[in-house]
Amino acid sequence: MASTRLKKRSAKKIGSIPGSLIHIGTKREETVKINFFQYNKETYQEKILQNIEQVFNLRNSTDVTWVDIDGIHDTEIIGKLGKYFDLHPLLQEDILNTGHRPKVEVYDNCIFFTFKMLTQKDGELNILSEQISLVLGSNYVLSFQEESVDLFDPIRQRIRTKKGIVRERLCDYLFYLLIDITVDNYYKIVENMDDYMDKLEQTVLDNPNQNVMNSLQEVKKQLIVLKNAVYPIREAIIKLDREETELIKPATRNYLKDVHDHTVQLNETIDIYKDLSAGIRETYLSTLSYKMNQIMKVLTLISTIFIPLTFIVGVYGMNFDFMPELHSKYGYYFTWGFMILLSITMVVWFKTKKWL
Amino acid sequence: MASTRLKKRSAKKIGSIPGSLIHIGTKREETVKINFFQYNKETYQEKILQNIEQVFNLRNSTDVTWVDIDGIHDTEIIGKLGKYFDLHPLLQEDILNTGHRPKVEVYDNCIFFTFKMLTQKDGELNILSEQISLVLGSNYVLSFQEESVDLFDPIRQRIRTKKGIVRERLCDYLFYLLIDITVDNYYKIVENMDDYMDKLEQTVLDNPNQNVMNSLQEVKKQLIVLKNAVYPIREAIIKLDREETELIKPATRNYLKDVHDHTVQLNETIDIYKDLSAGIRETYLSTLSYKMNQIMKVLTLISTIFIPLTFIVGVYGMNFDFMPELHSKYGYYFTWGFMILLSITMVVWFKTKKWL
Amino acid sequence: MASTRLKKRSAKKIGSIPGSLIHIGTKREETVKINFFQYNKETYQEKILQNIEQVFNLRNSTDVTWVDIDGIHDTEIIGKLGKYFDLHPLLQEDILNTGHRPKVEVYDNCIFFTFKMLTQKDGELNILSEQISLVLGSNYVLSFQEESVDLFDPIRQRIRTKKGIVRERLCDYLFYLLIDITVDNYYKIVENMDDYMDKLEQTVLDNPNQNVMNSLQEVKKQLIVLKNAVYPIREAIIKLDREETELIKPATRNYLKDVHDHTVQLNETIDIYKDLSAGIRETYLSTLSYKMNQIMKVLTLISTIFIPLTFIVGVYGMNFDFMPELHSKYGYYFTWGFMILLSITMVVWFKTKKWL
Amino acid sequence: MASTRLKKRSAKKIGSIPGSLIHIGTKREETVKINFFQYNKETYQEKILQNIEQVFNLRNSTDVTWVDIDGIHDTEIIGKLGKYFDLHPLLQEDILNTGHRPKVEVYDNCIFFTFKMLTQKDGELNILSEQISLVLGSNYVLSFQEESVDLFDPIRQRIRTKKGIVRERLCDYLFYLLIDITVDNYYKIVENMDDYMDKLEQTVLDNPNQNVMNSLQEVKKQLIVLKNAVYPIREAIIKLDREETELIKPATRNYLKDVHDHTVQLNETIDIYKDLSAGIRETYLSTLSYKMNQIMKVLTLISTIFIPLTFIVGVYGMNFDFMPELHSKYGYYFTWGFMILLSITMVVWFKTKKWL
Amino acid sequence: MASTRLKKRSAKKIGSIPGSLIHIGTKREETVKINFFQYNKETYQEKILQNIEQVFNLRNSTDVTWVDIDGIHDTEIIGKLGKYFDLHPLLQEDILNTGHRPKVEVYDNCIFFTFKMLTQKDGELNILSEQISLVLGSNYVLSFQEESVDLFDPIRQRIRTKKGIVRERLCDYLFYLLIDITVDNYYKIVENMDDYMDKLEQTVLDNPNQNVMNSLQEVKKQLIVLKNAVYPIREAIIKLDREETELIKPATRNYLKDVHDHTVQLNETIDIYKDLSAGIRETYLSTLSYKMNQIMKVLTLISTIFIPLTFIVGVYGMNFDFMPELHSKYGYYFTWGFMILLSITMVVWFKTKKWL
């Protein structure tokens, strides 16, 4: 749930010194994976490094350098990178604090963009949220991911094979690509949501049961997770567009506008799903109560028909000495006749009133 | 449903290279129909072409050229047009991506406007949404439609017959006309919606049944489709009005304001329908529960009258040896009298309490 | 209903040429009534004309000229006026299109203001909406009304009798007066609405019945009609205030601000009524369900008391050969005693539980 | 009710000449009370006048003059004051029109501020609303009150006794003081509202009855009255702060900001009460339905236990010639045994299912 | 409850002189605790003073002075501090008025920031709210707390031990730290809220009972308290950021932005909780009604099966002389057979209809 992250934050942070590097998130033991990429139009270089210092040796200042850190639990690496690239202490803190709201911060020497990668396990509605942080400098991009679900592989492939224009552009285009692929990925979540809602709607029509309410509450929570991921990105890109920074070239701004349009569409879709799930809830509740009412009506009608009949047979079960009907030869048959007539009258009456 | 489009997008686009031409929409086999129009005050020329290259030969730079492409599944045509008219790669991508939100993009050499054409099959509520893209250049208009439901025929007729002022104006006026006729067309949808809602309201009063809830959920969905089509157009026209572009002349801006007014009115109407459909739902639920309550009340009243009577006849059905009433000559008649009195008392009491 | 107007629009307009003069509204056969007024501080002239050309002859350019057209189905008159006063084609179209949303348009040579006059038949809630269009030029005011419900008579009287300052001011003050009297008139509608809501609230308390829901839906619709008339006027006056036009003098702007204040108040009142009608609905539904529950509770209590008693008498109605109680001399009386005791116990128990 | 005021307005104003002095409100016969105050740092003068002309004689132009008019039904007094102080006709009209929305108007020579004084009778929820109008000139303050509930006495006392800094400041500080004391007074209403809501909440928990719904609708109405009084004041003070007028000194602006903060807090409080009253309604409805359900459940359980038993005793009440059980010696006792067993089984089953 | 504070205000303030020092809050008898801190990079001095005059003696103008007042019921101390540091009368009043909404005021010589410290007793939901006021001058910070729950101890510790950068920075950084630690503390409240809501949600699933509604109303109230504390801080920090004051250095502004981000996140979390609690309420109500319906259905089914059977046995309990079935040898067994068949038929029918 969305709030779990908040807990994590509060548990470790309250009273700590601002700007101090504390990793907030699930601790992991594995070594941090460091992907090093360096490219220009003609050549590219790719390395998986064990050691962050190697980055500083390998790097040259003319090509685009992309350092992708998979795993942020090793605060030392962040510290060293921060020192080398001269990153603001609050920026370093934000990379480590995975409970952060997506946001963009424009510093003098770099742009910091942190947002969420969302994944779902197959067949589950539950959205897993991981933090991705990007730092765009004058000729480098740093990317930080919490775990190794690697979203960025298609981009690496493009760099290797020179597909698209990534090799012809500078690091701001790479920065855009990393954002774009993450936002594109949200559509998968939306697609799953869509399937889930369709099924839910069908369930309500076919076989409404109490799980619907729980499912709808679950949908609500997942929509919150999604909204919390998408909404601030939109804000952030607007903010980025307004900032007069040299780090993002005009050509790339057009592409960022495209990402912005996607987040607007995603936001609208989320609102639509909220609306539709409210509609499903109403249909469910009304269907339930309608079915219940139908049952109760039929049952009550049955009782209502038999109760007067039972009274009549009760009458002739009385033991009075003087009850002339009892001795009449056809009394029994007359009584049956009367009772059948009464039943028919009642049924007809109910039909007239459209109760049956 | 609105979300179906989103699925299409995500299915084909995630991870693809930005600016690459991929058609997103139902594949079709037919040849693309190319309508070529060229006119000025005095003359006009009209051709249906098989081949996009013919456009480039036929075109002269002094007249207004209108190329209308019916069918966008042939990405090659878009590519060639894009190269000839020097259209931005993202613009070309947007033409092909039919899942896009309506929007306007102002480029240096042209204005790109994409929006939805909405149609309904006769007697159906379901709205079919198709994408229309317009490109306004210095002396040409390109229009792209998904299928061959041809909304633009009245405009062609006007060009041919010199009706109206279209032949006297430049291509920005044609651009306006194409938008205007699409927006005008939305009123048809609204009209059908109106009829549908009226019928629904009548149904609720006459014969409320469970389909009402499904119909209302359906109305909700169609209103979302409508809103998704109309709302962004309004935004787009405001944006267009603010842009300082030479491509749209001041005289035409007045006309675009008129289109803007229509979209405002449409938006308000959609909100009204949302509100009214909520009202219908409430009336339906209340009517249902009122009717149910009436039935249950009457049935329960019947039971309540007979249950004490049944008790009384039960009393005289007991087999005690010593029950003096049983041997009384008029016991049976007294009992009947008492029971009738009791029933009348109860009915009167219920009437006093306004329960009957 | 609000939407009926929309239908009218769509029925005649779709595909027609923008700026073409087509009257949209109920056709009428009567001749159009032309009221001609011309005045200055010293003198005034008043004529009812048969022929629009007479206006052009009578008019002089130093006095204030007010031409009031009652009936807009004669498009020729509008056309001639338009030509004489050099009115923009879209303006002329807007005068004829009675389905338009209230709005103001500032042209170079005139201001166009179109809005709604609302009337109610005595004792009816249903609001009838008619369009009024005003054109304010440098020294003339044109007013167009759909039908002959004449709201403007008090103003004519004032001109004739020199009451107020209308004769001392220029045509912008007359323009303001015409708007002011229409907005003032909305208060009558609000007053009726108020009475209607009061009655409805009383009905809910005294004798809640299913008509309440229909009445509330009706109130909702009329509030929409009212809001659609009032809200855009407010917008329009704000727009007018911001425009730097010479046609409205600073002195008159103060008066327009006053009209603006009234529309703000009307808007708030409409929102309040929406809120209050929601409150009435809730009270109604709750009252209904409370009453129903009370009835069912009492009825069920009666059943609950008699069912165990009926069981007991059933026991002694059994025909077993060996049932010692049956032969006891006081068995019958003991049974009665037990049953009375049981009933009392149950009633006391129900009272303790506050069920009775 | 809020709307009553609207009625008053419409009844008298429609069609009247703008700027004409018509008193809108309950007519009263008493003489208008005129409080005259004139003070500077050293001295002060206080008079209760019968005649408005005396004000003009007594007044000098160096001291602060405060004329407080209690009763605005004498339009002549307003007219004379208006002429003497050169007040705009619309301002004079606004003083008399008690149906006006609180607002501020900045004229060239004065500031006009009209707002509501709210009072409640002891132990009643109903809020009485009276209009207060202030006119701040270069060296005078005029205040107009509808009736004689005198809120301003503490300020008079302060002037007399030189308490606070009022005697050291100019008339803009007095103007502020009059606004401040009125806004402070709103807190009393809020306090009463708070008590009332607390009681209501307690009632819902202890003894929910149908009056709760009416009380909540009443609360809603009073919150509207309160909001209508408070909300526009906030707007007005913001407007005042933005105006570049010499009449209010920078030092006093700080104090007005303080009043603004109070109105913000009041607005939030009103919204909170709206929210809380919705919560109370939901709790009430749910409590009611919960209690009802509990009753019905128990009653139905009782019936359900006895109905099968009644069937069994019915079986042995049959008169077949050949019913072996009837002649068995222990048949009667076996039957009882079976019935007791059955009852116990059912009770246990209901307990298992947590129905009891 | 939130409103209690409002009461306090109104009870003591109405009619009092603006700027006069009146303590609004629970009176306390204990002596006010004065914490005095003075530090620079090299040294620091810490004293607990009995007497406010000592502050003025100890203070030097080059170091950062931090005076922390625990307890604001001694108005004299505030008065003396106010005189010494030349604080505006309204500022002094605001320190004492604990009912104030969080806000920032920028004066010429200082910045005043007042906000809420929130605490919860262990295991309770109820939030206790205390006011904290900060005054930031050119080289001093004053802090005022209502009671002795000391939130600021970690900061004192940092100053003593030179942990973090607080000793290297000026008083604006200290000012930030005091705000930051308070906002950080809100996360604890949020965490508790989260636990509480989780439990509530579980209760609804496992064992829904009427306390849920009260708990939800309680949650609503606490969320209001939280929102009232958090929302205005955000506003205040935005305001602070916009002010061009020398008192806050650019370096510190970055840190304040961080606090701002936290308040944005807190606000969103509060909105999410509001939404989720609405979801819990809906699930609760639906679960309750579903369970109830299930019970009633089963019970009614039992009745419906037995009522016709009871009728049948009633028939053969009649005492007619001529009832052939009674004398048939197998009549009794046939009757049983028929009744068993009837029951089975009904059960099967109910199963088919999915009523069982």
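Chains here go by letter, A, B, C, D and E, matching the order in which they are written, and residues are numbered from 1 within each.
Assume a contact is a pair of C-beta atoms (placed from the backbone, for glycine too) under 8 Å apart; a residue touches a chain by one contact, two chains touch by 3 or more.
It should be emphasised that the depicted structure is a prediction, and the values quoted were computed from it without experimental measurement.
> Is it true that over half of the residue numbers where subunit C touches subunit D are used by both copies, so same, or is it different?
Both copies touch with mostly different residues.
> For subunit A and subunit D, let me know how many angstrom lie between their CA-based centres, rounded off.
So the centre of subunit A lies 42 Å away from the centre of subunit D.
> Counting in whole Å, what is the centre-to-centre distance of subunit A and subunit E, each centre being its mean C-alpha position?
26
> If I count partner chains per residue in subunit E, which residues reach a count of at least 2?
Where subunit E meets two or more other chains at a single residue, that happens at 289, 296, 300, 303, 307, 310, 314, 317-319, 323.
> What kind of graph do the touching chains make: line, ring, star, complete, other?
Its topology is that of a ring.
> Beginning with subunit C and continuing through subunit D, what order do the ring chains follow?
Order around the closed ring, subunit C first, subunit D second: C, D, E, A, B.
> Where on subunit A is subunit B touching in the complex?
So the residues of subunit A in touch with subunit B come to 154, 158, 163-165, 177, 180-181, 184-185, 187-188, 190-191, 194, 201, 205, 254-255, 258, 261, 264-265, 268-269, 272, 275-276, 279-280, 282-283, 286-287, 289-290, 293, 296-297, 300-301, 303-304, 307-308, 310-311, 314-315, 317-323, 353, 355.
> So in the complex, which bits of subunit C are touching subunit B?
2-3, 6-7, 9-11, 13-15, 17-20, 88, 90, 100-101, 103, 105, 210, 213-214, 216-217, 220-221, 224, 228, 281, 285, 288-289, 292, 295-296, 299-300, 302-303, 306-307, 309-310, 313-314, 316-319, 323, 325-327, 329-332, 335
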